[in-house]
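Worksheet: one structure, shown below.
By letter and in written order, the chains are A, B, C, D, E and F; residue numbering begins at 1 in each of them.
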Amino acid sequence: MTVYMDELDAFAYSTKIGSGSPVLIPAGSIEQHGPHMPLGVDTLLSRRIAGETAGLVNGLVAAPIVYGYKSQQRSGGGNHLPGTTSLDGHIITAIAKSLVLEFAGHGIKHIAFINGHYENYQFLYEGTDLALRELASARTHDVTVMLMSYWDFVDDTTINELYPNGFTGWDLEHGGVLETSLMLHLFPDQVDMTQVIDAPPAQLPNYDVLPVRPELTPSSGCLSSGADATAGKGKILLERASRGMSEAILAEFA
Amino acid sequence: MTVYMDELDAFAYSTKIGSGSPVLIPAGSIEQHGPHMPLGVDTLLSRRIAGETAGLVNGLVAAPIVYGYKSQQRSGGGNHLPGTTSLDGHIITAIAKSLVLEFAGHGIKHIAFINGHYENYQFLYEGTDLALRELASARTHDVTVMLMSYWDFVDDTTINELYPNGFTGWDLEHGGVLETSLMLHLFPDQVDMTQVIDAPPAQLPNYDVLPVRPELTPSSGCLSSGADATAGKGKILLERASRGMSEAILAEFA
Amino acid sequence: MTVYMDELDAFAYSTKIGSGSPVLIPAGSIEQHGPHMPLGVDTLLSRRIAGETAGLVNGLVAAPIVYGYKSQQRSGGGNHLPGTTSLDGHIITAIAKSLVLEFAGHGIKHIAFINGHYENYQFLYEGTDLALRELASARTHDVTVMLMSYWDFVDDTTINELYPNGFTGWDLEHGGVLETSLMLHLFPDQVDMTQVIDAPPAQLPNYDVLPVRPELTPSSGCLSSGADATAGKGKILLERASRGMSEAILAEFA
Amino acid sequence: MTVYMDELDAFAYSTKIGSGSPVLIPAGSIEQHGPHMPLGVDTLLSRRIAGETAGLVNGLVAAPIVYGYKSQQRSGGGNHLPGTTSLDGHIITAIAKSLVLEFAGHGIKHIAFINGHYENYQFLYEGTDLALRELASARTHDVTVMLMSYWDFVDDTTINELYPNGFTGWDLEHGGVLETSLMLHLFPDQVDMTQVIDAPPAQLPNYDVLPVRPELTPSSGCLSSGADATAGKGKILLERASRGMSEAILAEFA
Amino acid sequence: MTVYMDELDAFAYSTKIGSGSPVLIPAGSIEQHGPHMPLGVDTLLSRRIAGETAGLVNGLVAAPIVYGYKSQQRSGGGNHLPGTTSLDGHIITAIAKSLVLEFAGHGIKHIAFINGHYENYQFLYEGTDLALRELASARTHDVTVMLMSYWDFVDDTTINELYPNGFTGWDLEHGGVLETSLMLHLFPDQVDMTQVIDAPPAQLPNYDVLPVRPELTPSSGCLSSGADATAGKGKILLERASRGMSEAILAEFA
Amino acid sequence: MTVYMDELDAFAYSTKIGSGSPVLIPAGSIEQHGPHMPLGVDTLLSRRIAGETAGLVNGLVAAPIVYGYKSQQRSGGGNHLPGTTSLDGHIITAIAKSLVLEFAGHGIKHIAFINGHYENYQFLYEGTDLALRELASARTHDVTVMLMSYWDFVDDTTINELYPNGFTGWDLEHGGVLETSLMLHLFPDQVDMTQVIDAPPAQLPNYDVLPVRPELTPSSGCLSSGADATAGKGKILLERASRGMSEAILAEFA
């Protein structure tokens, strides 16, 4: 049976959550990812990685948060880039809060956000905090929420293995080896490796400036090159990230 | 080339909107649709019908609004039913407002919401109005937004043809012949006709009462029976609705 | 003794609500209603119809919601018309929420909105839902709220009787026979039948477009003609609507 | 012709505002006013005093803000008292902001709030400021808004004349001579002088404490006695206040 | 040991509040105070007067609300003046609400706002009311909040003593004898008496008009002259105000 | 002359900003920092480091944002700890937005947030983005805002110099060598080195879980030990951070 909630009918959903399954909520974005990948990368990946993880923890995957917080130049190239379509912070917070409250209202005790878009994190966190405060005010204290960014579960061993020439940090991985490899493994039809622009990593300052100076973002929109990406690396990344997340979930929700 | 924005890369998206294409934004919900269809029906259908329509108007389909406004008993059975997972009205409004502003910021002049969940309508309308007011305040007056519910484009001839035993109104079509037929045509793998509960249409009062009285909603969660649904009817419905919408779009955006 | 709360002193109010009376909240608008009727029609009618209904259920009528949600072209001609003065949706929602919470705080268990302006409905519904959610969070579960639009209680028999030449639907009744007749019966001094513009019903599309195309609304601002209105019809409409609503209230709040 | 906007038809309204008339917006409340006056005193008085003033400045009176900000113990006895039904501050602000923007959108350049409920003032002020900021952002700089509380236009001479035994300040006039006299003059049928409780003025601290200590408010709910009120005093108060306000309006809007 | 919370370490803070100490929250502003005093006057004074008061009631002083509500012409000269840097009303309300909830969450039962900027008052009041409503909804009823403006605790005897030539009211004291004397006593290094502009009190209307007419505010920005200010008067003012507030606090929180 | 805005009078402020000075806005928090430092550390440090930086760029320091966003367990120990007193995310965003708009209204073109509390960052960013969007809507395009966290300007050379035994990352520096050294250098009277708890760095997971598990935070509340802190290190840190920030500011605002 599918782990994706939106593919279940209401009765099957009821049965599933009645068994105590955790719900994993993927959070993505509609954001440019260079000329070789589609705008929906973050939503596609967070949903599928959540699906893989759900399979390991007997969990369900909620319908995704499709639109994310504004792309920031130092992690996503910037919100000015074509195709990037984002929501204000308070909306991400409101969605996260509502979803926690809705699922809690369904009787679910264990919820985890599986974040695939760096910029979402603090707003998901705030929404979670506000939801739990509201639940606590109503004397509900048995709902627990985890917030995870999937790349944080790629361990150093894997990084060394997949980035033999050195790793420049997750912040520059936008449109780079990590995401491209995962897309090659999971959605090969949606990647066109001939379009990868193999440029050196972006040189970005250690602060933000707004309005952004567009010239700081490489013309590809990617902060590092995806040229070394392979489906094989994607398979490894998927396994490590989902295994790491599943272990954390099982530990926390035990 | 795909009409779905989230499947396009940023450069292809730029080219497409540079040609003046309208953007169609599907608005769905995560809502119970009886034992024979999945929770994602409204999102699936609004996205695909928007896709069909886009094909007729050289348009693009935005990533969908996945979660919708609360299910109301007289049009969706009620928000208390298992699986139905909804957002407050102000969030739907905020998302609609943001999307209009984002697409307007991309230079798009013609936007249409393709609504697949009755309860969303007024909140999409309000978000649109607020966005256009903000644009007008900034002296942008050349963005036009249409708001359409796809079933409003099924004409009386079609209704008579598809409902030979009489039509009880769109409000009772939740989980009934309309949606089931469209799902059978577009997503046959996600319908299980053996699970249809063939009960008479729900008897609902001409007002709302909150908290809902759960006994007013049939146990199936559907307000009318989908037993007479067929893929053939779905094909007709898809053609008529998308043709009607495409004609309206071409006329308004000419 | 008056049924209108704002005409009662605080001590009489206390006594009245101490007896278990339901509170009916009229919701109107300040909206053009053609050259023959004043801007306050919806507020006047919703308040008086609520008064008539209150008399039948031993209820009280709250002070009205005077300003309503924005007039929409397909039901009120559009918010661009002179004199129409409206509030954003979130304000209608906030007022409705606050009033439910205030009256609940007074110890009132039975509340009904008597809506006289189509466009208000979803925002009143949302305010009610939010208020009840807040009450439920504080473990108050014994407050019930009904939402009624008075014209929904005019039955088919009455429609056939009053519209012998055919009925074009409530949506086109803006400034037409229904409202004009009720005004002639209840506030004859505020109607000038010599000013009625007797034009055929408006031809409006089955979707909304914003900014509105002003030419779609008849120059009168009315969507159908009030020429056939009479005080006698108004008397019948008042009786049928108030009787229908009173029966529903007595049944729900028994 | 009536000065009350809600009693005008849309075409008459258009003509009137086309002549440059200022719009006066009455702001009242639903608040207990002792056993001798109804809950609607502040709304009734602010509307009628605005009407009298409008007559002197060729102005129009907008439909009133019926529900006001929460009654505070030191000026209105407190929001805990029976019948008092109030809105949160942000709603009063939002209504004031919307009305200024709506009337400005109608082409009106001169707007004045005629406040009849002390507690409203800062929230009306904030709403006005936000509206003018939004207009300024859109480069509209020719809208001017005045904010007046009618009692501030009762001059010292009148006070000495009407309060021969000494005046204890406007803050304690809740339900006292000022409001009772005005009601006797304007709405004599809604005052019952036999029910006046003739007690000494309330003794209230020079700070607020929340939750209120109910014992600090006299049992009548009035902060001073209305026993000395007469219709004659009401006539004088109405003349002085409306004359004072009209002079201020003519001076500011010249 | 210091009474200022922000100078305490977390463990000392815990011990202190464990003893039942009330928390006093100073509320100031960043607002012009003429050429002889700095922009931070209201924040400096409210914090130090709170400190003096805390010493008399075994209390703690919270970190101050530094930015206040917009300066109004009739009490602070107006928000258009150079240096005045303010927040919208809803932000002051939100800060006040959050602080009450945070301190209540720490187990504190007695909270007092010590206001040093007239314009803040209603927004602090609203924030307090909303916080207590939320606490009540969660069944916490033992938190009490006082709201005090320190000048309200300067009694008539002191006024007569310090203003031998007559007192024109607190509203005109902006930048005048009261604040200048207190600054001379508490922060002499931050006052330059050679810069005082000794002009007669401002002549301001008994209403507000927006946008402000700048010519109504004296060029100094002060509404009355601080020329008669002395450190000695400041010492007396500090003593009387803090003694008065401490007595009120001890009485209410006994 | 002081660089701190709140210590300037309005006329001196006007002169200063008239010369084109950038404004630096410190953003701190009220947050536990172990038993050896006060709750105000982040506010004290961000303000003083901003002051030092301002001296190098001929800038002004705005009054600080005193209360910050909620402490998060992985960067500040968690918001449940005694003394930590925080604001919701939307309030930080609203304050940041308002301050940018207020300073822009003063004619200031160059603004920089100097952040001293990790958790604030995204909310300051959002407030900045919203303010600039509003300015752009009003056709103001010449205001630039930088967002800097001061520790990001401590370069690798300095880190190696000051952390000879290895550096565990800024996230664990809460209450550790960085902050303690800076406090020893700038506010030695507010540090008590005898109270430092010399424990190994906290072991925290690579995700968040809410409600927090309190046992994950060391009993000191610090995430690493401040035992190796010295005033000398603080002096170096101050110099490097302020120099780095001043260079960035001069470069961006040239």
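Heads up, the rule we're going with is that a residue touches a chain if its C-beta (ideal position, glycine included) is under 8 Å from a C-beta of that chain, and two chains touch if they have at least 3 such contacts.
Because the structure is predicted, anything quoted here is derived from the model rather than measured.
Touching chain D and chain E at once are the following chains: C, F. Common neighbours of chain A and chain C, by the contact definition above: B, E. Using the mean of the Cα atoms as each chain's centre, the chain most removed from chain C is F.
By residue number, over half of the touching pairs seen at D-E are also found at A-F, the match among A-C, A-F or A-B. Note: centroid distance chain E to chain F, computed from Cα atoms, is 27 Å.
In whole angstrom, the spacing between the mean C-alpha positions of chain A and chain E is 47.
Across the assembly, chain D contributes residues 88, 90, 136-138 that each touch 2 or more other chains. In terms of inter-chain touching, the protein chains here follow a pattern that is not a line, ring, star or complete graph.
Pairwise chain contacts present here: A-B, A-C, A-E, A-F, B-C, B-D, B-F, C-D, C-E, D-E, D-F, E-F [touch as defined]. Against chain B, the residues of chain D that register as touching in their complex are 134, 137-138. Of all the residues in chain C, the ones that touch chain D in their complex are 5-11, 13-14, 30, 32-40, 43, 62-67, 81-88, 90-91, 94-95, 98-99, 102-103, 106, 190, 192, 195, 221. By the touch rule above, chain B contacts chain D in their complex via residues 136-139.
On the chain A side of its complex with chain F, the touching residues are 70, 72, 79, 88-90, 93, 119, 121-123, 125-126, 128-130, 132, 136, 141, 144-149, 152-153, 205-211, 248, 252.
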